[in-house]
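Both complexes shown next keep subunit A, but they swap its partner, so subunit B is in the first and subunit C is in the second.
This part shows the complex of A and B:
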């Protein structure tokens, strides 16, 4: 019985392969986008966790320098001899064989078990401590390095790419950091009797962080991806809803017949449900595979972004994790159920002898439309409230969701109103019929149009955000990189020679000296500036006290970056405390895009007075444009500076913009996909409607309008509806952009950007939407144009 | 003789789990570039109280039997081992000298212990001779001997671990004594040997801390200094080692090296109250296990009969705590004992190789 019923139901798909393809494609695509994003996030998080767990950062207290990158290694013995159970770690970057390696030096005899990452066992401690050293690295890194390996390497598959673990002595040698350590790992309960401040002043305890500092910094980035993944999933579900709804309606006669033949309603519902779940499973599996492929393709870009933006090392290869694969399948099932819920419920409760009325599906009642619109308005109000009073990133995304969903829900009513107005203004019966028929079609197309609207507003919003960001970033780069040449000496002595050599050759030599520090518990760098027009003229100041530069020069206080101002809740006029106890005023706040760490700028003299051991190696040079080449050539000739020690402004800018573009490459890719999904949804709905709408079209044909003309009108109608939707999507998109710029960016990154408008971008999107609509309408219109007149005639005779 | 293999094997097995006594890869029996003990040593103090990096292994080993005002007995152990990967020293992390510390405190019912590891060259552990100071982490043995006196004649000893701590003053009431032939101590008929001297005459006073409770104690202490480059003979599995302070003022150091294939090797030094020594040759000492206890899942002989006919000695030893197990990287039994029979006294027993 079940078998026969299932066979009868499945025969529908055999007769409508396009519908089946649409259903599977929609669900697979939705699942793929969701899964892909999850896969990328899972991979990145796993990388952070691995890196953090590697050194016990996720579970152990770390003793870190209050300022500066490193500590003298003597602190280690001092603490040990005072009863503190600590183990030293040295971390640094090293270029070798064209690879940027992360070198981690550990001390195996004192490292706590949670910070013992090594499979030393195979070679024994002696090899690890041998004079030539022994490093551990993942196989891919060993292979990539080949003969360029800076020390003998053993394979350790669990390590992150481009990471080498070695003894701390070997690491000091490789990194040129003899006698220095980055930090100390504290054993659980390993605090000694005497306080830290007494034994090792300048060392502070940092509590363990799950996933390490990187995980916290990148959280917002991943939340961003998740939100986009979810948006794509939601859009994909519209296709599924359209396809399933159509299938159920078209099968009404079959269902009625089956019921009439004695199939119990419960069995019928079970069979329908089973069919749905099997299809969802198939599509879900396909989607997971597709998502895996997409994620694997996108991951290198994401990894580059994370490295550029946060210095986070993420494995370039994607591993299949059961977690997100299962979650993807579950999402496919749940999505299919949600999309098919009403259809299933109606089929199960359908009276045996109810006439099969396909049109009923397409004709949502006015009441439903009004209820939808009311819900939409409530959501929009909620969005407004969130914009006014919301706090935090989650509220930001809730605001986004409410805004988009609300806008989508009021769309049908909005379209109806606009079409009604147009119909009143139309002259001639055919035009009036065109508008009236369009209005009548809105309920049937509303879901597809909502999907289109979501996709369009997401595109407008994200496009505006990225465009505004790019513009602000470019201007900011011009301001921050006002100097023409940047040069780094290898030693203090060389730096002195450099300054002497350059003084007569350039307009100005500006020191770029800084010390890393921890201010209010956050990582930050303290920079010194000298009094020079370069700063006064072009510094990207956001707000400042009057006479800010004179007061800065007098050592009254410092400038802080926008991120730091937000995180530490500091404003101009507040007290600024620096490591070592110095206090001054916050004189101003400036933009510092793309920097995860905070920044403080003080007068250079003050910097040298507070921190006399600051490395004085980096300098910015002001030279007339025509002198850039000659000065660089002279520098190279005189000092033989290595590559990378000398860089001109254009190269820095190019690199910075490259990082920027890559950061948003993934967002752009998701955007395009979302639009594609919306186009598919529209196609699915139009195909659905074209069969059902014959009853409306046939009388017009009978009255003498040719099939070709009717087909053109169908096409025009679809394009017109898409155009209207696009116009309505614009304000929603701009609102979205505002939320992204003024709420999400501020919460996630700590900077607020001015919003710019890009009308050409909107025009391009409008064109894209029209083309998508035309393409989607073309197939059913063509079918209409070629429909044999005999079939049209039959419509008048057929009992339906 | 002490903890020879302990040092070698423990440092070898840091990451690879317990190694067999002879299984230290790369060290084996070869003595690559390391100095080898030679007969007729000419010690130079205080320099020889310090480290001898050209030898492979070395230790500063203190044990003491203690009593509180209520007559409760305690035993403490403080040990600093040195093990060289190469016969040299160097500054910073390149120093091939490795250090290991063991500390323990036992009562009749509990045994506390801790272990520390360190590398030379960075100040975490080491031995300085003027003034004398041996340390690893916060554990230390510091000389406060008066000028002209032997540096080891007055020491302050401290260590702490989970649940225990001690801070003790050790004052020598007799001279250093040298084992074997003037400090050249043979370990096997084949000629394996070490340099070995002791300070067995410490009067000890100070305080121990048990689970946060401080207890004043007094007692007797014994320090061993030994260094060499050779491990045991290939067929020797472990040893049983005794240091005993008799009520009459005499002292005895006695050990047996258990041989898998041939007869065991024994040696002993009889020390008079004035520090006069008599080295007793292989075979002079007879050791008989009287009772085994289940210790850490293995049978370990915890009561012994010692016979030294040449000295009219026939005694039995009873452990203060039969479970004086040191579950360190290389595990062994080390604990205080009481002696009855022809002579009465107290001492320490160390047993290795009971796998």
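This part shows the complex of A and C:
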């Protein structure tokens, strides 16, 4: 019985292969976008976890310097003597073979098991501790380094890219940090009798951080990706819903006949469910494969972004993880069930004597449309409430979801009202019919138009956010990088010579000296500035106390970056506490885009007084533009500075903008894909509706309007509906941009940007939507223009 | 001579699968006259009506409307002929669902540039559609829908009305009322009427009758 019923139902897809293709393509695309994003996130998180687990940061207490980057090695001996079970670690960066390597030195004999890198045990400790040293690195890094490897390397596939693990002695030699360590790993329960502050002042205990600090910092980035993945998935589901809904309506006579022939309703529903799950499995498998391909293509960009923004190392190659593949299939199944829920419910409850004639599928009842619009309005109100009273990133994303879904749900009502007005204002009979018929088409196309609206709003919103960010970032770069040349000396002695050499040759030498620290529990850098017009004229100050620069120069307090101000809830006038016990005022807050760490700026003299051991190597030079080349040439000739030690402003800006563009490459790709999916949804709906359209079009043809003219009108109608949707999507997109700029960015990154408008970008998007609609409508319109009259007249001769 | 058909042949399908529907049918309908087309299901009545309206083209034979050979007209010209010279009434009514009653009645007249609001209003009154002008087709009964279809066909003042079983979907009483009205209005406007019907009783009320049997008149 089941077999016969299934065969009867499946025959529908044989007769409508395009509909089947749309259903499978919609579900596959939705799954692909979702799993692609999940694959990228899973790969990145696995990288963070590996890095954190490797050093025991996820499970062990770490003893770290309160300020500065390293501790003297003697602290290790002092603590061991005082009964503390600790093991030293040194971390640093090294350039070799054109690669920027992360070197991690450990002491395997004292390291707790949780902080033991896996490969050592398998290779034996002798080689590791041998005088020439032995390092471990992932195979890709070994291959990339070739002969330039700084020490003999063994393969350790689990390590993150560009990471080398070596004995701490070898690491100290490589990094030029003899006698220094970055931190100490504490054994579980390894605290000695005397307190830490007594044995090693300036050393603080840092609690274990699951996933490491990088995971915490990058959480918002991954949440952003997930949100976009989900949006794309939702847009894809619109196609599935449209295709399944239409198939149900077209199969109503078959369903009724099957019931009349003795198939129980429950069996019918089971067979329909089985059919749906098989289709979902097929499409889901295709989607997971597509998603893997897409993620593999995008991962290098994402890895570069994460490295540029957060200093997080993510493997550049994607591994096939059963977790997200299974999750992708499950999402495909759940998505198909969600999209087909109402159809399945209706088929299970359909009375045997339900009308065999397809209900006007395209014409949802007024009641449904009104309920939908009411729900949309409620969601928009909820979004408004969240904007006013919401707190945190989750509230921000809830606001985004309510806003987008609400706007999409009120779209059909909005379109209907606009079209009714246009129909009333229309002059000729065909114009009147054009608008009135378009209005009647809205319910049938509403799902596709909602998908288009979501995609367009997302594009406007994200485009405005990225554009505003780019503009603010460019201005900010000009302000922060006001100096013409940046030069870094190799040693303190060379730096002193440099300053003496440069003094008569340039307008000003501005020190860029900083010390890393932990302020209010956050990573931060403390910079010193001298009193100079460069800062007074161009510093990207957001708010400040009166006379801020004079007070800064007098050592009354410091400036803090915007993200630090938000995270630590500090405002101008509040008390600023720096490591070592110094207290002053927060004199101002400035923009510091793209920096995950906090930043404090104090007077240079104060910096030197508080932290006398601050490295004094980097300097910014003010020179007239025509002197940039000569000064750099003189520096190179006199000091033989390597290429990387001397950078002109344009190179820094170019590099910064490159990092910026890469950051949003993934978002842009997802945006384009979402728009593509929406275009496909429109095509699916128009193609499937074209059969039902005949009843509206044929009488007009019979009354003397040619098929060619009707086909053009069909095309124009689709383009017009897309244009109206795009116009209505604009305010939704701008609201989305505001939420991204004023809520999500502030919560996720800690900075707020001014919102700018880009009308040309909107025009481009509108043109894109119109082209997508024209392409989607071209196929059904062409079919109408070429439809044989014999088929058209069938409509008048018999019941359809 | 308003409509003339001479030895008209029409088949559907091609080659060995071709099914002949009309086999050498001829008829003449003068202006202002009425004619019933009767015959069994599948005898070719509707096809003949569609050929007369220029909705389809004959395989061979001659069809002339007011002296113009339909075979010589291209698609836009045939569309113009339908728009300006022919009023169509179908069994399924085939109203335009997105337009209200008033707009449906005025539609073809406006298409052909002959819209006369007073005449349309008169037509609406005569058809008993007063007060229903703002309703949409889905809100009307079958009889009301068919009266709107007749109003639409006649409001354009066509010279020829082609009706394909206009009462086929209505009960006998309603069908009689609708036909009475149609005959009255056709007579008032001076149009000719060619009407397909199964019913000998209704056919008897028209001026002439052509019976088709398997695509042949007789």
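Just so we're on the same page, the second predicted complex is superposed on the first by the 794 of 800 C-alpha atoms of A that agree within 3 Å, B and C clash if a C-alpha of one lies under 4 Å from a C-alpha of the other, contacts with A are read in each partner's own complex, and residues count from 1 in each chain.
What we mean here is this: a residue touches a chain if its C-beta (ideal position, glycine included) is under 8 Å from a C-beta of that chain, and two chains touch if they have at least 3 such contacts.
The structure displayed is predicted, hence computed values, not measured ones.
S.K.: Applying the document's definition of touch, where does A:545 land relative to subunit B and subunit C: first, second, both, or neither?
M.R.: neither
S.K.: Between subunit B (first) and subunit C (second), which, if any, makes contact with A:83: first, second, both or neither?
M.R.: first
S.K.: Which partner does A:74 reach: the first (subunit B), the second (subunit C), both, or neither?
M.R.: The answer is first: A:74 touches subunit B but not subunit C.
S.K.: In the overlay, answer first, second, both or neither for which of subunit B and subunit C A:178 touches.
M.R.: After superposing on A, A:178 lies in contact with subunit B but is clear of subunit C.
S.K.: After superposition on the shared chain, which partner residues are touched by A:20: those of subunit B (first), subunit C (second), both, or neither?
M.R.: It touches nothing on subunit B or subunit C.
S.K.: So, does A:628 touch the first partner subunit B, the second partner subunit C, both, or neither?
M.R.: In the superposed model, A:628 contacts neither subunit B nor subunit C.
S.K.: For subunit A, give the residues common to its interface with subunit B and its interface with subunit C.
M.R.: In subunit A, no position sits in both the subunit B and subunit C interfaces.
S.K.: With touch defined as at the start, can you tell me which subunit C residues reach subunit A in the complex?
M.R.: 12, 46, 50, 53, 55-57, 75-76, 79-84, 86, 88, 90-92, 94-99, 103, 106-108, 110-112, 115, 164
S.K.: Using the touch rule from the top, collect the residues of subunit A that touch subunit B in their complex.
M.R.: For this pair, the touching residues of subunit A are 73-74, 76-78, 80-83, 85, 107-110, 118, 120-122, 124-126, 129-131, 167-169, 172, 178-179, 192.
S.K.: What does subunit B use to touch subunit A in their complex?
M.R.: Interface residues on the subunit B side: 11-12, 14-17, 25-26, 85, 92-94, 96, 98, 117-119, 122-124, 135, 137-138, 160.
S.K.: Subunit C touches which residues of subunit A in the complex?
M.R.: Per the stated touch rule, the residues are 428-430, 432-433, 436-437, 439-440, 695-696, 698-708, 789-790, 792-793, 795-797, 799.
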